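Down below are the structures I want you to see.
The following pair of complexes shares a single chain, chain A, combined with chain B in the former and chain C in the latter.
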Partner chain A sequence: MSGLSLQSYEPRGRPPKTPKVLVAKLGLDGHDRGAKVVARALRDAGFDVVYTGIRQTPEQVVEAALQEDVDVIGISILSGAHIHHVSRLMELLRDLGEDIPVTVGGTIPLPDIPRLKEMGVREVFLPGTPLQVIVEKMRRLAEERQGARKI
Partner chain B sequence: MQGRYSGDTGGLEERLLNLIERARGGSRALAGKLLSVLETPSPEAGVLLRLLIEKSGGNHVVGVTGIPGAGKSTLASQLIAEYRRRGLRVGVLAIDPSSPLSEGSLMADRLRMQRHATDPGVFIRSLASKGLLGGLSLAALAMVEALDAFGYDKIIVETVGVGQADVDILDVAHTILVVTMPGAGDDIQALKAGVMEIGDVYVLNKSDKPEAEQTLEFMKFALEAGTVSARHGWTPRLVKTSAVQGTGIPELADAIEEHRVFLEEKGLFAQRVEDRRVKLARLYARSLVDDMVEEIVGEKRAEILDTLRKSPDPYRSILDLVLEELRMRLQRL
Partner chain C sequence: MKVFKAPLCIMCVPTYPPRGLPMPSLFSERELDEIEERLKRWEEGPLRRSLERYPERRDRFTTLSGIEVKRVYTPADLRDYDYFEKLGLPGEYPFTRGIHATMYRGRLWTMRMFSGFGTPEDTNRRLRFLIEHGETGLSLAFDFPTLLGIDSDDPRASGEVGVCGVAVDSLLDMEIIFRGIDMGQVTTNMTINPPAPILLSMYVAVAEKQGVPRDRIGGTVQNDPLKEFMAQKSYVYPPEAAVKIAMDVVEWSVKNLPKWNPISISGYHIREAGSTAVQELAFTLADGIEYVRHLKGRGMEVDEFAHRLSFFFDSHINFFEEIAKFRAARRMWARIMREWFGARKERSLWLRFHTQTAGVSLTAQQPWNNVVRTAIEALAAVLGGTQSLHTNALDEPFRVPSEFAAKLALRTQQIIAYETGVADTVDPLAGSYYVEWLTDKMEEEAWRYIERIEAMGGMTEAVKKGFPQKEISDASYRFQREVEEGRRHIVGVNIFVEEEDEELRNVPLLEIDQEEAERRQVERLRRLRSERDNALVERRLRELREVARRGENLMPYILEAVKAYATLGEITNALKEVYGEWVEPPII
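Let's look at the complex of A and B:
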């Protein structure tokens, strides 16, 4: 059966893999409206979205991302504690040798954006970012990740 | 997993075996990646499935179903905790429906179980059922084999609410929990719908609520009156829990255990494993044919409409139309 293309082998009508993202809130931050709005927008755009809810530790988020094998991790923080939590998250991922793209949304002061990017955060979404922009950027990151996948 | 299959099964097998061993050894990152391979039925996924099946079949699959919001996920989280106290490893597959409009999904069962996220003896995976032939998709069946092979002693499969699709879970789980809650006026509806006939263990959750006693009486009556049929001579158990307060959980785990022992004694445990594997094959074959028929009917729309108006034997003509195309497509596989 060598030389069989996957196309002819799979039931039709389904893409090879639906983009899958984790949406999580780090720390003691109860502002979950944005996270939920974004989660719903991504679902409506055809993503599989795993929502972990509020009060997550970086350890929980990393574990969930690995077990779910998501293409993108989307963090939401409006508490002001983003530097602290996100740096820990990025450190955990680095130690595990995992390069799942991470994005951060919420009330991030402008001067902190370069700091987050330096840590390896791929995108920062400030309040007011149109959902369409978020969906497109998340899709691009998911596709990039899927392209680089190997087992 | 894209592109063409190399045909190099030797190298592939070796690689996959190595990954499976590491997943069995506790790498949840690798377990997560292997499950993703099973999401689409590629040739590589087939090889992986065979290797998994060599190792699976021994562990206990517990299906959790019931009306939306009854507390299935919260209860599953409590069961995980109880099993961990008993020294068992637990794998969870939480299945949520995809939106019929966007094909996307918002999966929040995990939210209720997140306290176990960092426990090395627990693995949780969310899966969107792509509306394919019922709630339990092909991928879910393959993933059950994987969690089994990875050495999770208890595999909890949560499926979406009530409905026809849920009867799916019959062939998959060894033990089926049907979760309900007090005061849901539609409980009688659920009884009629047939879901109240599939349970091995019925759980009245949210028993912390005042209306619980009344619902419990009703359920007892329903069970005794034989509305609920016994499978293979097993008398369904009824357990009262509160997943938020953590009451009734050891009793629930005990009832599930009794059922496992019952299955083993009757020689039914291994049979259920075979049933779920046959179901996997059936789902796969059916999805192939279904998709083809879908395509053909789409392409031949005009001819079909014409046939319905003109053919002396329209059913026969439609069959001819579709079968001819189907045969050609099947040959091309």
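Let's look at the complex of A and C:
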């Protein structure tokens, strides 16, 4: 999988091209079934997965994402408070000049999808999205991010 | 605290028939032998020929719990079946056929729709709307800050106030929710856990203001802490303290509110978090066992409180498995109470339960299909003998239900009750070879789990070890893989998928002005804090902390604090100072 390349000199000595994802439960809801299932599927698909646990604030998520140096942030939220929390999260990332791609999954009413996309969210996953689709989209986002870093 | 340990007698069954007599069976040995003989001939002849021409759809058929379902069931699957030991008559031990002699012929189940959103005013309007349309019991859904004991003006509450349920910060809010509703006439369920003593106190205080005597205050608080750690995750205090506080509510209610169910031991959330039906059954009863031990450890007699324990299950989409689960639950609980805990009063042996159709079985895709799923699940709950029922609304994969969707869900129950005739005879599926075999199977597998939990020292210990959490998480991942691999079908998700999903785009959703709800709650709190007797509030909170440190029952003091208009957050914070807070290790 690896081999000597420029990427092997990147910080933390991660093997190159192992996509790294932060799976985070944003807000107060404790519905962690989806987050855990997705986290396991990503791990099984070869991702390096960091799971935050429940009840995270936007500030905590951003801090974890930077500290862990992840390629993509996967937010899970089933409380209905996604607009509020995600807009804060995106604002924090923007203020830091960070463009880590963000995805949002959960009970999201359709009209909110364009609103989330406008904030800069890259993908929105509704209930029933096949794991394979999530894994592939996350992989693409992670690769894109890694590609951007090389430059 | 002294904790009562019942002897380990998992396989205890009542000694019936008396020693020396042959086991009574539904069929004679001769008949059973003949059935088996015929079955063998059938397999070698007609069945083999049929399979050659029409292969079956799958190699193995399994329930959602992974129990393999056979092609056909006959009396031979119920060999040595003792009717009286396994079933009895309705209203008789072991209550497999139902806790009442007449069941729904006497009184239908309570139609209790889980509702709440926005401000107390919004929720009051919704409750009155549902009552107007024939709802027979109330059930309150609270927003996340309320569920966690956080006031609406706390920064952590920002963006969440009134979204998933109604915001309740103080007694003032509860007064508004019940404006124009006679609390002496209606019973109310409140889905609330760590703040259960606070919400119950508010309910009692408002009922008293309405002039309702305590012996007429009826309803339920969920107040089931153990399942919070394994499933719903709205925990606040660490497990031991959480159980202690919950049992304070039970003890106080048993002595002060004779018609109140101070706990609803819940499998629903365990199932929604991804458990199998067997795990839901086993973990729920194991939670119940833990609570009974705790209460006995306080010196209470089992017959003093057992009749006030109530339960709450999920009704999922695998029809017969759900029915078998409900029937097995009643039989197991009756045995546990009688054989392990020595309960003598008949009502102590009853497993009374509320059911909610499975939220997780609903799909965002082609959402109108959810009406059909809910109807089937509701039917299973009724055939399983539930005491009350919530039917989910079709739009719940997106948001709390619109008025239209909530009414349609209520109408679904009414059609089952008034049109189908399923409520006209008691336990109509009894005697089905399959249902009885499956009921036995559910029981057998659930006992195996209970045995493992007992060996760990009971459910509090098992939860601290993360045992049920791991089992649930493995089961949910297994299920999802099966869906992915096409071994489980979900219409609209992995079969009969529509690329252009018109329904999805057109489902009408409830509009909640979240920001306005939050603004109004924050404003109300600000006014409250400036107008109430703050010295009195301080005194009540100080007393509460002292009582918590002494380990006495908190309920009388929480009631006093609530009456002084101390807020939900203030009371919760006072208790956190004494008991600390639980943080879960993030494990996937």
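What we mean here is this: the second predicted complex is superposed on the first by the 134 of 151 C-alpha atoms of A that agree within 3 Å, B and C clash if a C-alpha of one lies under 4 Å from a C-alpha of the other, contacts with A are read in each partner's own complex, and residues count from 1 in each chain.
One rule holds in what follows: a contact is a pair of C-beta atoms (placed from the backbone, for glycine too) under 8 Å apart; a residue touches a chain by one contact, two chains touch by 3 or more.
Everything numeric in this text was worked out from a predicted model, so none of it was measured.
Peer 1: Between chain B (first) and chain C (second), which, if any, makes contact with A:Glu98: first, second, both or neither?
Peer 2: After superposition on chain A, A:Glu98 lies in contact with chain B alone.
Peer 1: Identify the partner contact of A:Gly128: answer first if only chain B is touched, second if only chain C is, both if each is, neither if none is.
Peer 2: Only chain C; A:Gly128 stays clear of chain B.
Peer 1: A:Arg149 in the overlay: touching chain B, chain C, both, or neither? Say first, second, both or neither.
Peer 2: Only chain B is touched by A:Arg149; chain C is not.
Peer 1: So, A:Asp48: does it touch chain B (first), chain C (second), both, or neither?
Peer 2: After superposition on chain A, A:Asp48 lies in contact with chain B alone.
Peer 1: Applying the touch criterion given at the start, work out whether A:Gln67 contacts chain B, chain C, both or neither, answering first, second, both or neither.
Peer 2: In the superposition, A:Gln67 touches chain B alone.
Peer 1: Look at A:Leu110 in the shared chain and tell me whether it touches chain B only, chain C only, both, or neither; answer first, second, both or neither.
Peer 2: It touches chain C, and chain B stays clear.
Peer 1: Should A:Arg40 be classified as contacting the first partner (chain B), the second (chain C), both, or neither?
Peer 2: both
Peer 1: Could you tell me which stretches of chain A are touched by chain B in one complex and by chain C in the other?
Peer 2: Common interface on chain A, chain B vs chain C: 39-40, 43, 49, 51-53, 57.
Peer 1: Please name which positions on chain A make contact with chain B in the complex.
Peer 2: Of all residues in chain A, those touching chain B are 1-6, 8-14, 16-18, 39-40, 42-53, 56-57, 59-60, 63-64, 66-69, 96, 98, 149, 151.
Peer 1: Per the contact definition, I'd like the list of chain C residues that touch chain A in the complex.
Peer 2: Listed in rising order, the residues are 144-145, 147-148, 150, 156-160, 163-164, 228, 232-234, 272-274, 360, 362-365, 397-400, 473, 476-477, 480, 484, 490, 492-494, 504-505, 509, 514, 584-588.
Peer 1: Please name which positions on chain B make contact with chain A in the complex.
Peer 2: For this pair, the touching residues of chain B are 1-8, 19, 28-29, 31-37, 39-43, 98-99, 101-108, 110-111, 114, 117-118, 123-126, 128, 130, 132, 284, 287-288, 290-292, 294-295, 332-333.
Peer 1: Would you pull the chain A residues touching chain C in the complex into a rising list?
Peer 2: Those residues of chain A that touch chain C are 23, 27-33, 36-37, 39-41, 43, 49, 51-54, 57, 79-81, 83-85, 88, 107-111, 126-128, 130-132.
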